[in-house]
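Note that subunit A is present in both complexes that follow, paired respectively with subunit B and with subunit C.
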Partner chain A sequence: MEKFEPKILAFLCNWCAYAAADLAGVSRFQYPSNVKPLRVMCSARVDPLYIIKALKAGWDGILVSG
Partner chain B sequence: MTEVTESIRGQGELDSTTFSLELDAAEMTAKSETLRWLVGKEVSLTTKGDVYGRKWDVGQFEEILSAVLKREYQKNLIYIALKEGSTSVREISERTGLQLGKISYLISDLEKTNQVIFKGHSEGIPVFESAS
Partner chain C sequence: MESIEGEPGDFKVTLTSYPRYIDPIKCTGCGECAKRCPVTAINMYNLGLDDRKATYIEYPQAVPLAFAIDIDTCIGCGLCEMMCLAKAINYEDNEKKSTICVGAVILSPGSEGFDPSGMDVLGYGKFANVVTSEEFERILSASGPYRGHLMRTLDREAPKKIAWIQCVGSRDVNLCGNGYCSSVCCMYAVKEAMIAKEHSHDDLDCAIFNMDIRSFGKDYEKYYNRAKDEHGVRFIKSRVHTINEDSTTGDLVIRYTDESGQTNEETFSMVVLSVGLQIPESVTALARRLDIELNNYNFAVTDPFAPVNSSRPGIFVSGVFQGPKDIPGSVTEASAAACAAGTKLAEARGTDTKTIEIPAEIDVLETETRIGVFVCNCGINIAGVVDVPAVADYAATLPYVVFVDQNLFTCSQDTQDKMKEVIKENNLNRVVVASCTPRTHEPLFQETLQACGLNKYLFEMANIRDQDSWVHANDPEAATEKAKDLVRMAVARAGLLKPLKEKKISINRRALVIGGGVAGMNAALGLADQGFDVVIVEKEAQLGGLSRDLTVTIEGADIQRYLLELVDRVTGHEKIQVLTESLIVGFSGFKGNFTTEIMVGPGMYERKIDHGVVILATGANEYKPEEYLYGQDYRVVTQIELGKRLEVKGADDISKVVMIQCVGSRNEKNQNCSRVCCQSAVKNALHIKEFNPDAEIYILYRDMRMYGLLEDYYTEARQQGIIFSRFSQDNPPNVEATDEGIAVTFKDHILQRDISITADLLALSAGMVAEDTEELASILKLPRNEEGYFIEAHVKLRPVDLANEGVFLCGTAHSPKLISEAISQALAAASRATIFLSQSEITLSAVTARVDPDLCAACLVCVRACPYEVPRINEEGVSEIDVALCHGCGICAAECPAKAIELDWYEDDQVMSKVEALLEGVL
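Let's turn to the complex of A and B:
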């Protein structure tokens, strides 16, 4: 049986989490490729509606980091 | 990210059609005037106080906010179930998983705001309809 690969949308704060993800990339650390990063200027900018709409659109999980 | 991915992998695929009722109700709740109003008042209520000069504790405010949102969410579940064609309290209960007493209580709230109309009785069972 094929391993389930979840689709994850990550809302990342420009000033910390996105910078960390970027640094991980630059430093060639490996992280799962099924996480789609979405840069926001602040994690407080993420409206709960975005999360609900993303789940309705078919994403399996949402990560808000900042 | 690896931990999050593993956690979601463990939970399995999310079929949004299975949870369409819950997701629609959550969307209605997040869009609601009640949420905007309460969140907008939070800072002034917890720092300056209310019209009676009572300063609210942040924890107490958030407890009330959660309770209000839970109630809004349940009302939205009922409203959507009625829109989808459920008519009696028992049918709504089967669709939403809410208790019969809770539904009767919340339906009267929905009637007050003209979101739900009492249509009469069908074989002795009260029948409701969504207003729009």
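Let's turn to the complex of A and C:
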């Protein structure tokens, strides 16, 4: 059986988590590519509807980081 | 710079410009000349580790991006002149003299790495695998000679074991005469070891041979601990005797003496010499020409209380030329020098400014969507991992995309100029750049759009470097796919973007300084001397803060006299108002327009102050020890208490003193080093010796962190017979009170046995503790670290700014530091604040929330949700959001049950378009 690779969408707050993701880059931390970043100005901008819609559309996991 | 003539405020500076042989204005930076040049020359930017052409650019990010000819190696063949379409080559170019008139001068000529060629025992220049730390930096760099692959110079083999030798060209009066500590080598060696481990494919063994590890900066100790405890970097306390090469393998045998005096040998595949910083001969010659006084190590002479003033009035210094220091210190000092110069030029402010003309905006709403995508190679930062041509080809297939291009460096000036032409030629009305992070580069590209008559909000970025190529370096295929995904997301959102209007607001040109210590007062003077009104809020009845308890600096400068003069200047300044015994109880507003509520004086009457910026200078205190009988025995004192005692009573009555370092620092409760305590101990020890040369003094330490020029005092202390003995954290000294004195038992690191001293006095080098600012931080909504120090916006690039706009930071509220460092930082904060205060108005971001009154049911959800208390129910009975106050977080938009609120630039469909576009690729 093929290994399950979840598709993860990450809502990242511009001021902290997105900056942290940049810092991970500058620090050359390596991580899997199946998490896709999406910048928002604040994690509070993430409407619960976004999460429901994304899960319904087929995403396996949602990360809200802020 | 040939000469500076004249007086402060009216200098005439004579400059000589050396010929480049390629006109930097005509040169487009295309690089055809270098491609055709037949001459190979040594690339000194990579420290001779690879080659370049005689026609060259120093490094890819150079500003301006213009080539030059190295005339010493050029054979004059004329090929470059033939190739250059811009006609920029000029073999007849010659030296030009020019004169400029200025009011003040800032000297930041920098330093050079020490050249260890003369130290034959280290084998540099003799054994290929012995490199300097500067060379190793280039080896690790993606744009370096080995493209970032960790290889040794002899055989391009991956090293298995690397050793760093510290203090090469520093703390060494025998071989090179540089008696000072270079301040930066410990940290860069730890960093190089950590990065080398990351770059290595095997389990790389890293060992750092050192005398002391000087991780004295903010949070540096935590980094050192991580290297040691989590990444297994070995730290060996030792003196290196010789390095020899095993001629069959190229490996290096280090012969060294450890702490106990035993000689050992260990073999490494590579050795890095951590070379110190020194002032180049060209800089000392410059200083001589300009009549700037230098000290015995050729650093500029400055006063502890005027740290950026050179010996010549009107000429200021910053960076390593002032004294050895790291990047945050240099950046801070540069701002400080700007402030010091600015106070002399206040009258001339704004008299010579030019305004950029922005063309009228093109209406794009009625026209068809035409998206241009620019994919960046970022040299090899992106292209080394991601298949950039494939991403560009893919972008061309996306809806509404009418133009795609790829660039070597999209951010370079010539690419920006090219982009402007392309945008106009192709009538692009939305632009996507796939490159680095919008957090640093969005404003630059938005300016380019504005120059083309496009609204700056018609722009979107795909971060294919920081969040793609850099983090998936080992999986080029996945990185390329992810780059396509990110570009598809960006294009989808770009198609839905609308032009937005930015609001301009006026600035209140008054500053509020919180804390009236040395830092706060200097920041206030830095602004007031430039003509801005300042209010200082101090919670105590007197100005001065911690410095009221200090006596002299290690250089011997009288702190109390300085403080008196400083307080006089502050209280007598017509632009400064001082509120003592005052407490901040409320804070509102936004950059340029803050209002602070203060309870003033013993009567606690309430005052409201309107101001445009805030400078935090809340300070720190000496730690009150719970260790070593402090508070239980009168013979146990802190260094500050000892300093005061020496001032009052001298030291005739004390003949034996023990000092213990790192009390309340570098432990589990407070991981960080308190930076100042080593020099406090040495300062007081030398002071005791002055009073009583026969006094026996023992300083028990873990690492002596006498950084920079302080090292001289450490040397002097040892010469005066002060005994330094190292103890380890897990075996601290044992202290007992007896009738004869305080009995201190410790294990001496050289004798490797317990020693007991009965001292008249035990001085504890108590660390620093941040002032309790928990309530203040919550009123002003400011971030603090675990230890209670405020967190700056960026450690290196914005060391005195907070992420909260209009708020700045200085002194020990930032981290422990010396008085001279606090003064520099205070001037730096004033300088950064001036950027706001010198403008009459600022432009606000258009990323704000907007209420549709027809949909609003006045349910109060937004009013309750907003962390900044911005929405209010207006006279019409609906929610209203002031764009000047709105931070653009969008919580109201997310919470609103009626979907009556939209966040401009992050509207629901604009965000969801990205979610949906992403899925197109993976489902």
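The criterion applied here is as follows: the second predicted complex is superposed on the first by the 66 of 66 C-alpha atoms of A that agree within 3 Å, B and C clash if a C-alpha of one lies under 4 Å from a C-alpha of the other, contacts with A are read in each partner's own complex, and residues count from 1 in each chain.
In this text, contacts are C-beta pairs under 8 Å (C-beta built on N, C-alpha and C of every residue); 3 or more make two chains touch, one makes a residue touch a chain.
Being a predicted model, the structure only gives us computed values, none of them experimental.
In the superposed model, A:I52 makes contact with subunit B only, not with subunit C. After overlaying the two complexes on the shared chain, residue contacts for A:P6 are found with subunit B alone; subunit C is out of touch.
Shared-chain residue A:K36: touches subunit C; no touch with subunit B. In the superposed model, C is the one of subunit B and subunit C that contacts more residues of subunit A.
Using the contact criterion defined above for the overlaid structures, shared-chain residue A:L63 touches subunit B, although it does not reach subunit C.
In the superposition on chain A, the residues of subunit A contacted by subunit B and by subunit C overlap at 21, 31, 47-48, 53, 57-59. Considering their complex, residues 7, 9, 14-15, 18-19, 21-22, 24-26, 28-31, 33, 36-42, 44-48, 50, 53-54, 57-59 of subunit A touch subunit C.
Touching subunit B in their complex are the following residues of subunit A: 3-6, 8, 10, 21, 31-32, 34-35, 47-49, 52-53, 55-61, 63. If you check the complex, the residues on subunit C that touch subunit A are 195, 198, 437-439, 463, 465-468, 470-475, 478-479, 481-482, 485-486, 489, 803, 847, 865, 867, 887-891, 893-895, 903, 906, 908, 911-912, 914-916, 918-919, 922-923. Only residues 1-2, 4-5, 7-9, 11-14, 16, 19-20, 23, 26-27, 30-31 of subunit B touch subunit A when the two sit together in their complex.
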